[in-house]
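After the structure tokens below, expect a handful of questions from me.
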Amino acid sequence: MGLLDREFTEDNIVISKVDDFLNWGRLSSLWQVGFGLACCAIEMMATSASHYDFDRFGVIPRPTPRQCDVIIISGTVTFKMATRVKRLYEQMPDPKYVISMGSCANCGGPYWEHGYHVLKGVDRVIPVDVYVPGCPPRPEALLEGLMKLQEKIRNESLVKKAIV
Amino acid sequence: MQEYFRNIWQGLSTVLTGMKITFKHLFVPAVTIQYPDVKVPLPERVRNRLYVNMDDCIGCDQCARVCPVNCITIETVKSVPGEDLGKTSNGKKKALWVTQFEIDIAKCCYCQLCVFPCPTECIYMTDVYEFSELERENLNFNFVTLSKEEILQKKENYAKLEAEKAAQKAAAAKPAVANPEQKPTDN
Amino acid sequence: MALKTEEMVLNMGPQHPSTHGVLRLEIELDGEIIINVKPHIGYLHRCFEKHCEAMTYPQIIPYVDRMDYLASIYNEFGYAVAVERLLDIKVPERVEYIRVIMGELQRIASHTVAIGTYGLDIGAFTPFLFLFRDREKILSLFEMTCGARLLYNYIWVGGVSHDLHPNFLRQTKEFINYFKPIITEINNLLTYNKIFIERTANVGILPLDAAINYGITGPNLRASGLKWDLRRDDPYSIYDRFDFEIPVGKGWMGTVGDCWDRYYLRILEMEQSLKILEQAIEQIPDGDITSAIPKRIKPPEGQIYARVENPRGELGYFIMSKGGLQPWRVKVKAPSFVNMSIFGDLCRGHLIADVVAILGSIDIVLGEVDR
Amino acid sequence: MLTEFGKVFIFFLMAIIFVVIGVFVASLIRANRPTQEKYLIYECGENALGSPWIKFNIRFYVVALIFLIFDVEIVLLVPWAMVYQDYGFGGFIIGAIFLVLLAVGMVYEWRKGDLEWARPYPILPTVVKKRVKEEIIENKAVTNQEIVVN
Amino acid sequence: MIFEFFADLLGSQILSAIIIAALPLVFIILYVLLANWLERKVSAHMQDRLGPMRVGWHGWLQPIADMIKILQKEDIVAKDADRKLFSAAPVLVFVGCYAAFAAIPFSSAFVGADLELGLLYILAVSSIVVAGILMAGWASNNKYALIGAVRSAAQIISYEIPTVFIILCIIIVSGTLNLTTLSEQQSGTFLNWYILGGDVEGWKKFALIPFMFIGFIVMYISSVAESNRTPFDLPEAESELVAGYHTEYSGMKFAMYLFAEYANMFVVSALVVAMFLGGYQSPFGYVGDLINVPWLIPIEQFFWFTVKGLFFVFVQMWLRWTLPRLRVDQLMALCWKYLIPIAFVNLLIISFLMIL
Amino acid sequence: MKSTQEIYNLLKEKFQEKVIQHLNTLPKEEVIEVRPESINEIVEFLRDDKELHFDNLILLSGVDDANGSKNKLEDGTEEITGGTLSVYYHIESMDLRHKLVLKVSAPRENPEVESIYDVYGCANWHEREAFDMLGIIFKNHPDLTRILMPYDWEFGYPLRKDYRNPEFYQGMKVPY
Amino acid sequence: MNLYDFIFYFFAALTIVSAFFVVTTKNIIYAAFNLLLTFFGVAGIYVLLGADFLAIVQLIIYVGGILILMLFGVMLTNKITNVQIKTEASFVIPASIGVGLFAGVLIAILLKTEWRNSPADIPISTLVPIGKLLMEEWAFVFILLGVLLLIALIGAASIARKE
Amino acid sequence: MMEVGLQHFLVVSAILFSLGIFGVVTRKNAVMVLMGIELILNAANINFIAFAKYGNFGFDGQLIALFVIVLAAAEAAIALAIVLNIYKNFATVNVDEINKLKE
């Protein structure tokens, strides 16, 4: 059983330092599954292109999910695709994160009403960490979403949160 | 044989040409915008998050009707006579209490169609794009300025008025006029 | 014959670095040689045609955008042309020019992605980013005009939503001047690279008769050697006023209709688009842009098929109206869908690596294939 | 006295130890949250179609075979290369004969096409029901002219 | 020699050897971190980007963050994979790469193991890598991995032949296989480097120059191919085979491949440097000589060796970010039809020249 | 260049009752309606005839005419019985530059149309799409399977006017 | 026990154990990878015997060549698709008895015999003497080997290619 | 335990040799038989080299071992080619089955 699976009941300085250290590693090196779905994928590509440069945040696309930390659901998830998305997500090693990018991935977007073949929100199949709104979101918005995710990771802790 | 050496030559020379170009670019300053530190000014027509200036909204439902995605939900209540709702900035008189004005930004496709028909130009797109959320519910924006109690009160007021009217009508034995403003919400 | 190896079925996609989105290819292999490729599409089927039946005519435009998301303007253009023909609307001069300018800018933007991702498929990473860098410049032009970067909702039936920004023409001119040397650079970096030529020339040859029979259009058809461009051959809007050439594939590095031809044709087309842009910017008149926009679009009963030359080929809209506010049926002839249908035949007998090269060279957009 | 190969041996041990320690340390830290789908073979998100353990193209084998022979010859050439200069022209001739034999084998393989990798034999797409007679239409006529590669 | 130094200091040769063996490990780790960062920076700047920027100055902490993250990643062994071989493969691959460091002379004072047969030894251990790669592909039970592995094996063994031919050329000219001796022979200025004919006397030197140059080019091309980098990176060609033989690997085991890849890049660069570009010798002479501080010389030598090695690593990156990749048949054709005949003729000519 | 009327006359002469009618009352496009079971012959003739030489199939679109009787179900949706489904073929000649629209109609309950995949290569996928979306069955088609929808989609043909969404597909909720 | 002995026992054990697995394991791929270890161990023994050139040749040819060739051969010839690549063995019991006896006798003889047990001095580089021998006494064999390899190359390639 | 000398190497060689024979005898798969043969050859080589060192025969032993390796490689190449060829014809590499099939 690895350290990450363990939950400590009490907080102390060592744990919080270790926490910070591990979290820092995780948040500054989020490798992304090289995977795009629809129009948002183009903006995702633009984000990794020279103007916005995902690499600044340590995000690089990896071809196989086995070596990835974050999956950016960029675009419309259809029913035909949903099972595949789920499997891709499952095949990533833990700890892993999900960014849902764009209206479609958030809740079906413009297709929520008549889209007989569109999954209304990717959170119906996989747990989403950050929702980035927009159709498509500007690259900056995606970067902001990523920073929000980093913020979230930074606040993760091995200490079991006391049930208040 | 000639072909053989030409291939070698072409291979080497084109590779070197390519390498020259990439080497040159090694020293070309990067075009990257360092986003969180530097933000490029957006052009004025930029289309991002919607905003509704509720002071100006007359609750005419135009925007909701034109939206292809149906992500605007408006519910209005007629004012009772004597209530002053104020005027919009371009001089129209408001006659309806807007008791619900929700835009589900998560669904919106940023097409700007809702902006054009608005008679008071109170719904418009801003340049705010940094509003990612950890929960999807937070993306459902509510623009109503009235508090919950006020809404309830307005509804009551109107119901009372209705009742009175109905009573009057019943008294006058006239056919009831359907309320044109009471639009059923569609989601 | 060498030792007969057993057939293997290799799966490429839907998540695969080089399937340009969510396409799944089922590749039957004999050793490394492809026996058959079966494309599975529909992973991005977003029910466009169903939406059309539930929307009013102007409301369809945002959905039209989302079909071929790399060339949204052109989708709107085609749709607007179709509805205008159905309604018998004549749009003002200035609008026509704006549309042409936007359309050609969009064509360049779309081709940059096509060329860039093609380089990526072959393994060259850098040209892709160079081209994306320049595409960003075009996008900022669009953003300046209508506020959106990718999906514009700009061309409306009877007009356009905004007039041009005062700075637009000047910046476009700057862009044209900026972009010309870039094309040379890309040529030196990628197009004439020996490895690139080896990878693409004589690969995926599409003979002309098969191309016509399969209804292939756009650069892919022209690369096979037919001078067929709807801007010339079935002129819409004001394309008959411009002086430009239609490049056709000549088998520069190999056989007519191979991958290199298809690729190079796009580069030539970008040059021609720049030429059209220059002329359009010279000629654009002043005037009103909203005068022809109808308040309520309610076409009479009837049907129309109108088509335009999208960066990927012939984009046609078959609109059937039964007199309501909503169309009865809208069917899109999506060029990528048609171009994709020959893909399986094109791959036979090649190596696995060639699948990627061929797929990249026919330049599909899955949003349009699946709609 | 530790010989040079002794040091090499320690290098080997060192490398193994490094990997083992690396994996071990990681196992102390890393998470382990098994799910069923996680342990499926990755195949672009699809179910794997058939087993990957198939037989391979014979080319791989032939390449390995030629390589082996070449390797052996080269290994024999190494002692020759060290000393042949002491034997003057005669030494060179012995090596040269050997090399020429090698070259003969090489040329033979080349001629026989064993050096060709599995080459693509593209099958062109065709019209399903071809028209009886193909006419050349004016529009289709394309002049063939070379472009200048700069 | 450092070995003797430590042996005297600690009184035990084994301990000393362990330290000697550990030092390259430290070097590799530092170098991999640097190379990883460099690769991302170089690629970024070639593409008008910036590359990692957010952790540390210009992102220099990026590889460290990557490592820390990889430490935390789950280690997945698919159900159908062959567990034993799956875990053994990274060991083999890394061992193969690392063992090659033993023979590399970093400076006159620091050689892991001063092998008489250094050049051949490096070749020999690199064949372990091939077996490891095949094992990885096989054990993964994954099509992409298997095809990638088999291709990779075929590629590496094919490109070994031109390499060996060029090594033979060097043996003929220098009369040694010992990398340290080889470096020593090229001392003095860069005019003595083997790419410029080495320390051979008279007209032969000038006659050798073009052939040495050809040899150098062939050697470099084939060594790039042996370390599976673009334009020869088909075994892990992203666009067709996902990630090649390490498709199924995650977490630390994947990191081992990463280490091995970068280490391999350095090994082949070092080999080229030692053979053609003077090894650890400075091109101009030493400051230590000038100011008469003998202990400075090995340090300078180390510096020069690292600089030269890194330069060729950089060239590999440069190539990678410039060129498209070859197809498998073209790759083989390049080896069998171009490099091998050229290297062969080169060998004949050089061997003939040397007896004249 | 030939007008639709001329082509109609030609076809009528050659194929007699297999060609049903020439619809030219509607604005914008004239349509020739033919029998669904002989569409392949007609198209092949159109392609191979020297005068006509329609070498390119632009578009094949299925349309739900929804002209049968509609009966409301309890949940407010409609069900249509009877009537027809149609297929429109837009063909053109790239060198002679004329276009033509053909139409076939088949009864909704048994919409069988002859496949023309062997005349025009691209018809293959178009027909599969029409099958997928509207359930039009193309006889003799080599591989008439769903193309856009999942292969195991068993909830009907989505582009029919009376299509109803299922509640769940593979455990995923379909409506919003 | 000094270091030399220890390393010898290590390599001897490595060789023998892995060789044992080679001949007993069911899975042919395991056998191949165990063979790798055997070759490696034998190379170690060569080194201990002062034959460094041969050790390296062993690695280059056996590990880098023959083993890879065998792996490719295995991949080419086995119906790996459905069954686990297992190979049966026959006559296991008689064979093990016979071989056991044989080995016993052999070893007994070996141990009984008084071997002249004085190691010769082996120079640092074995390459030059080997080269000298090759050029002087064995030059003819050297050329002959060239011919043989040529025949092997042509023969093997054409057999493999043959219908 | 006595100091490692010639006998030790010879014993290792003998065991390896026996194992090789065992493999050749028991295995049905032709490739496995080949592996057995390689083991035998390796055992022989150990002998050669051991004697070269302890027997004071000079370098001839090593040279012959080198020749053996070379021949082993040639043998392996040819043998595997034949195996492949047999496989092509009989679709099996099982030695017994091939015997049967030949009749």
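A, B, C, D, E, F, G and H are the chain letters, set down in written order, and residue numbers restart from 1 in every chain.
Keep this in mind: contacts are C-beta pairs under 8 Å (C-beta built on N, C-alpha and C of every residue); 3 or more make two chains touch, one makes a residue touch a chain.
Computed from a predicted model, the values in this text were never measured in an experiment.
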Next on the checklist: What's the minimum number of touch steps needed to get from subunit C to subunit D?
Outcome noted: 1
Next on the checklist: Per the definition at the top, count C-beta pairs in contact and tell me whether C-E or D-H has more.
Outcome noted: C-E
Checklist entry - What chain is the most remote from subunit A, judged by the mean position of CA atoms in each chain? => result H
Checklist outcome for this item: Distance between the CA centroids of subunit E and subunit G (whole Å) is 28
Checklist outcome for this item: Separation of the C-alpha centres, subunit D versus subunit G, in whole Å, is 25
Checklist outcome for this item: Taking each chain's mean CA coordinate, subunit B and subunit F are separated, in whole Å, by 40
Next on the checklist: Can you work out the whole-Å distance between the CA centroids of subunit C and subunit G?
Outcome noted: 61
Checklist entry - Out of subunit E, which residues touch more than one other chain, so two or more? => result 14, 44, 46-50, 53, 71-76, 115-116, 120-121, 138, 143-144, 147, 150, 153, 157, 160, 177, 238, 242, 247-248, 251, 321-323, 328-329
Next on the checklist: I need the residues of subunit H touching at least two other chains; which ones are they?
Outcome noted: 66, 69-70, 73-74, 76-77, 80-81, 84, 87-88
Checklist outcome for this item: Expected list for subunit A, residues touching two or more other chains, is 2, 4, 22, 34, 49-51, 53, 56, 63-66, 80, 84, 88, 91, 93-95, 107-108, 110, 112-113, 116-117, 135, 138
Item to check | Complex contacts: residues of subunit E adjacent to subunit G | outcome: 14, 82, 85, 88, 115-117, 120-121, 123-128, 130-131, 134-135, 138, 150, 153, 157, 160, 177
Checklist outcome for this item: Within the complex, subunit D is touched by subunit G residues 3, 7, 44, 47, 52-53, 55, 57, 60-61, 64-66, 68-69, 72-73, 75-82, 85, 127-128, 130-132, 134-135, 139, 142-143, 145-147, 149-150, 152-154, 156-158, 160-161
Checklist entry - For subunit B, which residues count as touching subunit C in their complex? => result 7, 10-11, 14-15, 17-18, 21-22, 25, 31, 42-43, 45-47, 66-69, 109-113, 116, 125
Item to check | subunit E-facing residues of subunit B, complex | outcome: 7-8, 15, 18-19, 21-23, 25-32, 34
Checklist outcome for this item: Within the complex, subunit A is touched by subunit E residues 40, 44, 47-55, 59, 61-62, 64-69, 71-76, 238, 242-243, 247-251, 254
